[in-house]
């Protein structure tokens, strides 16, 4: 089982040389880093899973579209875990290995299910690649298991079963990253689905985590606060000797989630608040900062949409997202301000084919570190300050196939 | 399904310190880069494929013998595409994702099918790893589909069905490489197979593509044109400010193909002409250059060859290839002159096992960039000019198993 | 088929800042390199294997927990070979590709079968990752095949069938590494299992290999023999011009193995002697050195161990290992002194789940190259000599699942 997502982006206007950190196909030939792309394989996932005996459900998911030091489309693990089931009811489970950290509904929802092309920055910045290495206890009563399955069967794009209640310990540096300090992150989540007499299903959840995170630093281009001159600088993890942030900076959040499943009209909204390591550009120091942000999404599900010989499903949607925070997992944990609108249409032509088109109006920070503090005469690109805000519009198209 | 190729090369004479860019097992302990090898896993491919529903044929092929920054035998994508079939006849298809670019017969033929150990440089230099990210339309009438299948079933080493007619758009920098400029390559191909009354099958094709390619540059060792002294240099992409080749240099070709399938005697020949980015060593500039080259191969298929308890197929072959051009996808797009003879024997012991032995007489350019402009006293290797021609002979052996 | 091992280590006492080269989860926040970890995926293996036709058994095993230049959990080959069977009895086989080198019983035993979490250093230092690229002939009479299978079926943790007699040629630089010199390593092994009238099974073996190995060098921190000052240095491969060790240094060993399978009490012991490339820190030269070392392990197999609803197998074990040698495959081939005790318990809850806990008393060399010849004021870590001995105790826990 698996899925592959191929994307193509057309810039429609606004600032030039922009980057969307979560999608390298957005941008033009003046963009930073891996500049403009035409076609991009965003995800190529193959899933090896099954039950073995009475006590094990295993799940191994490599992504074949990962990158390692400039080499693209390398296979890298996303998930590799086993659910140790206490008994056949699967009410109590302990999940050990690398898996999604139970924080946020959209984070837990598979990218193959999500309407929007990327997750919202506000909650997704909580856990790098949504995953970490750890041990998680999940409690799911059988009636909640049944309702979760019903949501899925109706094609309502559920998050998957991450327990009605979850409690876990994990390394805290994110998927496929080495642990840096000698302590754990702890996370907990409670989510509850219910169905009204009309058949309408709702779900509401609350989640929180706490730990200490060690940011990655690198040279970036900033304007000297005193002279105003552009220069390359590398931030420090806190101040003093030894550095106050050497073993991590407070990383803690609480978030709420609400979903009214699209039967046919639906609403999905999440918000979170917390503290995080973040870069203070003026001081050139990464220190404890506060954050808040989330999104609201409305969608409408049209079944039996017929076109030529196809009989599919059409889901128009609109999403607004806001973030006033920092992306700890990007180099230098830069400040990230987002105020984006997305107007999209997902067309499931057949169970095996999905075409999504999104008009995306971006008003956000460029999180890619360019470190171009002086102009490059040869390739005619001027010097640039890093981590600036930009406004741009793009038409983004994705073809996904499932197998 | 998949296959694994293990190779072993013995140098029989000629110049020392040579490299064959397409096979790291060729060379000795004075060769450049990843010098001499004894055993080498050249390809280890596992294919995940199938039809899903009425509209999708998917195909994902990682290679487990790829390298990333000095680490060998890493898994990297070769193919990851979906064929969106208009209907069940598969006459019209759109292929989206990373796949082979329909340019050349030998390029499209699977390495598990090819008689010679490597493809000819002249046509293979058109597309890095034969593949790119894009969208391709394929048109194959049902009678042509049937003839393609017949060729395959008779064990005549077909290219696979890449349409009777093909038209596609792709990024243009080659498989697993980031797009560099904001434009597409466009490619088209027409191939037509026919069968005479005697049952002899022929195929003839024509193909062309056009785009702009951005070369990769790196330090190399050259003789200063004025003083004759060896020194390290890095070429520029064109001239002027901004560099004239910053967003790519013309990359366009047209090629013809002819195949008389081995029933039992066969001939296969291809040739192509075009323009390409190429390094002018004297000027130390990469600029638009012209190229031409191809190959002629004759083979004879002996069925039911019995040896001990095996009943297999034996195919002796001879191949001559010529190239007067440049390999754009290698670092610095160096000039490449090839005039090689190969005399080989493929023995299919059983469907699962193939042993190939080739006497290879090389007269070609060493495309590996050594950048050794001064002698290394410690390891006793002298300074060397890069991209020189060499002559050498080798006995190359390959064991391939299919599963 | 496959297995995944997730580990978690708690340091119980002894020196700080230690590293166990074979397990990155051992250590604390003062450890060198990839310092302390909490959770670690040690192995994530997926095996693609089968018989195809009468002459081929194929076996491809990628590991999804490999690292490439700082990127973790990348897929990399462990095995990729085909057994060419002379006939259906499989008495005579030639194995071509990357596979385990037949040297040592514990080396050949799958990590999914081994009681101790890591292999003994003395024999495991013979072949990097136990594997290399080559061609190996295996001879296994049918009665020995039958006894090998019986050992396996009884759950006695056999090595797998690497022939009663083995003879092979291989590159010699270890798995996934490029060959460096133009010669082969040659290896041979003879192992013989027998069963007494009481049903007790024994196995004894002898093995040897010979070749020349080219070490990898890098900067390390050493105390200047004259002044006693800490400084960074990079060793040379032998002495003179050209360097005497440029094409390799003698690498040759002979080893013996004895196993009394646990029915229920068992003993397993191996020892080896030989010559190896090794670093002389005083001279700062890698040269020919001698080595010897091995281990003795005793275990007791308790079947039908019942706990709650499980009915499993419990195997307590004790292992002592000793090594007075060098680890050629680590950077700079440093000296390695080991005198370790392990007291462990493997609990197979079910065929699909194994939990192992080991109390490990380490007295050994830190083989990780830190190259920290001056103190790091910012992160408060002092300067350190590399390759020093340490003593420490740890509680190591592993959950393995098989599928």
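Read from first to last, the chains carry the letters A, B and C; within each, the first residue is number 1.
In the analysis below, contacts are C-beta pairs under 8 Å (C-beta built on N, C-alpha and C of every residue); 3 or more make two chains touch, one makes a residue touch a chain.
These numbers come from a predicted model, not from an experiment.
K.L.:
Fitting on CA atoms only, what is the rotation between the copies subunit B and subunit C? Please report it in degrees, nearest 5.
P.N.:
For the C-alpha superposition of subunit B onto subunit C, the angle is 120 degrees.
K.L.:
Tell me whether subunit A and subunit B, two copies of the same sequence, contact each other through the same residue numbers or different ones, using over half shared as the line for same.
P.N.:
Shared-number fraction below one half, so different.
K.L.:
Approximately how many whole Å separate the CA-defined centres of subunit A and subunit B?
P.N.:
38
K.L.:
Show the residues in subunit C shared as contacts by 2 or more other chains, in ascending order.
P.N.:
Correct list: 62, 68-69, 74-75.
K.L.:
Of all residues in subunit A, which touch subunit B in the complex?
P.N.:
2, 4, 6, 24, 28-29, 34-41, 44, 46, 62, 64-65, 68-75, 309-310, 349-353, 377-380, 399, 401-403
K.L.:
Can you list the residues on subunit C that touch subunit B in the complex?
P.N.:
48, 50, 52-56, 58, 60, 62, 66, 68-69, 74-77, 80-82, 84, 87, 96-98, 133-135, 169-171, 175-184, 236, 241-243, 246-247
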